[in-house]
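Okay, got some structures for you below.
Shared chain: subunit A. Partners: subunit B in the first complex, subunit C in the second.
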Partner chain A sequence: MRSLLLLWSLAPLAWQLYTSLVTPEALVNGSGVAAGSFWTLENYRQVWLADPPIWRYLLNSAVVGGATTALTLTLAVPCAYGLQRQGGRLRWAVTLALLATAIFPTVLLFLALLQLARALGLANNLLALSLPYAALCLPLAVLLLRAAFAELPAELEDAARLEGLNLPRRLRHVLLPLLAPSLASTAILVFLFSWNEYPIALTWISRPELLTLPPAIARIAGSSLFTVPYGAFAAATVLGSLPLLLIVLIFQRSIVSGLTQGAIKG
Partner chain B sequence: MIEAMPVITTNPAAGLRIEGLSRHIGGRSLLSDLNLQVAPGECLALLGPSGCGKTTTLRLLAGLDAASAGRILLDGDDISRLSAGDRRVAMVFQSYALYPHLSVADNLALGLRIRGMGAREREERIAAVLELLQLSELRLRRPAQLSGGQRQRVALARALLRQPRLVLLDEPMSNLDAQLREELRPELRRLLCGGEQPVVYVTHDQQEAMGMADRIAVLRDGHLQQVGSARELYERPANRFVAAFLGRPAINLLPPEAGRQLGLRPEHLQPVASGGIPARLQRREWWGNQQLLWLESARGDLRLLVAADLELPEDLQLGWRPDHELWFDSHSGERLAGP
Partner chain C sequence: MSPSLLNSLLMLPALVLLAIVFAWPLLDSAWLSSQASSVLTGLSPIANDGANWQRLLGDARFWQDAAVTLRFAAVSVGLELLLGLAMALVLHRPGRGRGWLRALALLPWALPTTVLALGWRWIYNDPYGPLNAILRAFGAPPYGFLTTPATTWLFTVLADVWKTTPFVALLLLAGLQSIPAELEENLVLEGARPGQILRRLTLPLLKPWISLAVLFRLAQALGVFDLVQVLTRGGPAGSTESLALYAYLNAMRFLDFGYSATVVIATFLLLVLLTAIGWLLLVRRPLEASR
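What follows is the complex of A and B.
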């Protein structure tokens, strides 16, 4: 069962990797190609040396992703805390509203967002792109973090209050370190959303050197009139997935580790 | 000539004074008009069943919740309006509430660092407290790597470290096993009581209250029932609730007659040759040092606590000394002076 699941989720990736590493002839003809012209790094060379090169798009996406994540968490942490600790009767109304916005199909928004970008002069600005991204990620982030706050024992914060820690200090020294696993997993979700987002990026950004990865990769497909450059396409996709893989590997331990273990009786 | 006697001045304002403390939420009253005094160095236990308002009282004293009415005076200063961090009140929580991501030493250091104490003084103070509680070996461990008893001692160390004006303990031993509780009781008393600060100790365990506290305040549904030494409460309970709450096995309450009800402690009933209540032995619990007998009589079921080696027949008669009788008004529950 486990190997079946692995096959299910890894096979497309493996296929992508394979496609990126073979010549177009090998892709079409398979075993009928001479051994010398089967494997190649030409596809990578092509996307790396293109104008603008792929690393430029990676950088753009990283900037947007970083800004989106920072903005989302900065707003979501106080919001989640307030909702959890002070919500009162309003809490459920706000939580329901958040849930409704979290599941709203974002595609329906992008025309309105385009109007906004025009009216406010936010087009072709990478940091501005993080505004709609953060707005779309906030509901889910708040819901996730609120649940995380709810799981922290209230007595921990009481103890910190008695020791004279005000709210910012309680957050910094006690609550946020304990929330690190939840913060990391929320951050990854937000970053992932921003990394993969296509329609808004497509409409808000038109200058080639400012494109983020998804529209840029789509451009590779449309760059040639008569052939579909499968190899270059796959190479760009592989390069685009590597940073994500790296991030998840780095944060994997803090996501999984149960830091709050032992806070209450053992 | 008679020399003037030295006048012993005890500052009447010293210690903790609670005046008319109340807390209501919505239409519900959690605590009503509590008045109490705790002298410096005295340990007062708040005792009662769950929901009686004892933890509410503690949180009001700590400043963690806001009072609806009343004042809290500490050495004459009204601290009711101060925030929790400014009261210099230390609290030991039932769950210990140690910061799980910090080592023992860092757990202790956090509060001092926030108050701007220099690294050198901080180190000295922490070392002293760790030494006092025999925790020096564990200074670099995380709370998860400590046993329950050790965690409790760290929580205690954190409370003592700040040289508080008032120490509050919320069921500090209820997560420990019975044997450890018994061992820790004298240690807790030695560390906390008899100093300069008043100590308020919340528990639902009467044995702990009797063993730890100089005086006990019994609460029920947010109302103070009685304050006094363990002995006063046991021998002269203010009402039926206090009589029934204190003492295990619980007091025998005979069926009410003419608006009055007689209470008799199980250890005060004795088998007599004649003239007592006829009773029949139902069940026997043998405890090693004593035995508890369950009897059926015309005056209801009775519990009788006697020496472990006493052999009794199935049918017997029970008597008691008149001065052991506790009479209660069967409606109000208040204790009456006599029959």
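What follows is the complex of A and C.
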């Protein structure tokens, strides 16, 4: 069962890796190609030296991802704290709104957000892109962090309050250090979302050197439907996936526990 | 300062940003759907007495896209649920290297949809892709996976199922972890077979997570965009064009913002209707039955 699952999940990815490492002749003719002209790094050289080069897109995506993660956590932590302390109708209404926005397909917002970007001069600005991204991540982030706050014993904060610590200090020195695992898994999920977001990046960014990875990849894909340089594509795919592969493998425990804990306690 | 006021102030910045990015666009698109705003009007809005909505009602392309989107959502969410359950059961079983297994199984979900859609385009390639190589090995003629209007939608479903099943599995895994192990041990002691345990214990207790997964995936699938835009661009012959893609094309290609907004709002209404039905069927009724 396990090997079947791994085959299902990894075979399409392995095929990309293979495609990126062989010559076009090898792709078309299979093993009928002379051994010397089978494997190649030419595809990687091509995307690395393209104009703009692939690392530029990776860098752009990393900048947006970092800014989005920082902004989301800055807004989500106080909101989650307030929501956890709040009772009654307001808590119910805010939770319902967060759930509704969490499942909302964000592509339906692109038209109005595009107009907003034009009106406020936010188009073609990587840092501005993190504003809608943070908003789109907030529902999930607040729900996960609220569940984490609910886990902390109330006596802990009461004791800190008796010590005379005000709210920012209580958060900074007492509560947030204990929430570090939840903060980490929330941050990773936000970063993943930001790295993968497509429709808003597609409509907000038009300058080639500012594209994030998803629209950059789609743009190359759109250049021609039939004569597509699949080797170079596969190389771009592998390079674009590598950072996420590392994140998922390094942080798999916090990703899985973050989502599962959030779902259980939420 | 009263605690309630303090809590509200703490929540305020996040809620304001949410209102700007979620509520305002919906209101703005609703308003824009009552306006003519295209190249013909110089892109400035002019009220047109519901002409957009009249056009929508008679727009065969809109209704076909609605049917395509519904079919896509129904089939892919159904398959994701079945496969996700199987995957969650495998990921839940104790054993060495379970953490690695979970990470690797999760990988398709974590990677960008556009990147994976491009990968699938190559896998489906006619005649050089690996699927056609397999067909060739069996002596079958090459198949146009992305060029046969009658069946291409099935292959968009397959790519979507591959990408999002891990997410469904993760949600269901959370549910499995919340079931006390003693309950299953008791049934095993009573001599229950695995299939009986699944039916009598696991599925009933998993119900809230199944409902959550269905609602979430249904809403996302009804807004499918990235996948079809890169994999098929709505083709062949419009057979895989989703509502979101149609809304996008109206704005960005035909430069008709008023009609694009109309398609957006119509899709939103369809989404609300279907998730509300899902909510009533999945969440409300079991709650009342359990009373």
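As a working rule, the second predicted complex is superposed on the first by the 239 of 266 C-alpha atoms of A that agree within 3 Å, B and C clash if a C-alpha of one lies under 4 Å from a C-alpha of the other, contacts with A are read in each partner's own complex, and residues count from 1 in each chain.
To be clear about the criterion, contacts are C-beta pairs under 8 Å (C-beta built on N, C-alpha and C of every residue); 3 or more make two chains touch, one makes a residue touch a chain.
Note that the structure is a prediction, hence the values are computed from the model and not measured.
Asker: Determine, under the contact definition given at the top, whether A:Leu49 touches first (subunit B), second (subunit C), both, or neither.
Answerer: A:Leu49: touches no partner chain.
Asker: In the superposed arrangement, does A:Ala119 touch subunit B (first), subunit C (second), both or neither?
Answerer: neither
Asker: Pick one for A:Leu13: touches subunit B only (first), subunit C only (second), both, or neither.
Answerer: After superposition on chain A, A:Leu13 lies in contact with subunit C alone.
Asker: Counting touched residues of subunit A, say whether subunit B or subunit C comes out ahead.
Answerer: C
Asker: Using the touch definition from the top, say if A:Leu108 reaches subunit B (first), subunit C (second), both or neither.
Answerer: second
Asker: For A:Leu156 in the superposed arrangement: first (subunit B), second (subunit C), both or neither?
Answerer: So A:Leu156 only meets subunit B here.
Asker: Which subunit A residues are contacted by subunit C in one complex and by subunit B in the other?
Answerer: Touching subunit B in the first complex and subunit C in the second, residues 259-261, 263-264 of subunit A appear in both lists.
Asker: Using the touch definition up top, name the residues of subunit C that touch subunit A in the complex.
Answerer: Within the complex, subunit C touches subunit A at residues 3-4, 6-11, 13-15, 17-18, 20-22, 24-26, 28-29, 32, 87, 90-91, 95, 99-108, 110-123, 125, 128, 130, 133, 162, 166, 170-171, 173-175, 177-178, 209, 212, 215-216, 219-220, 222-226, 229-230, 233, 244, 247-248, 251-252, 257, 260-261, 264, 267-268, 271, 275.
Asker: For subunit B, which residues count as touching subunit A in their complex?
Answerer: Against subunit A, the touching part of subunit B is residues 59, 62-64, 83-87, 89-91, 93-101, 110-111, 114-115, 142-145, 147-148, 151, 158, 162, 175.
Asker: Considering the complex alone, what residue numbers of subunit A touch subunit C?
Answerer: 1-2, 5-6, 8-10, 12-13, 15-16, 19, 27-28, 30, 75-76, 78-79, 81-83, 85-86, 90, 94, 97, 101-116, 131-132, 134-136, 138-139, 142, 167, 192, 195-196, 198-199, 203, 213-215, 217-218, 221-222, 225, 228, 230, 233-234, 236-237, 240-241, 244-245, 247-249, 252-253, 255-256, 259-261, 263-264
Asker: Which part of subunit A faces subunit B closely enough to touch in the complex?
Answerer: Of all residues in subunit A, those touching subunit B are 153, 155-156, 158-166, 169, 173-174, 177-178, 259-266.
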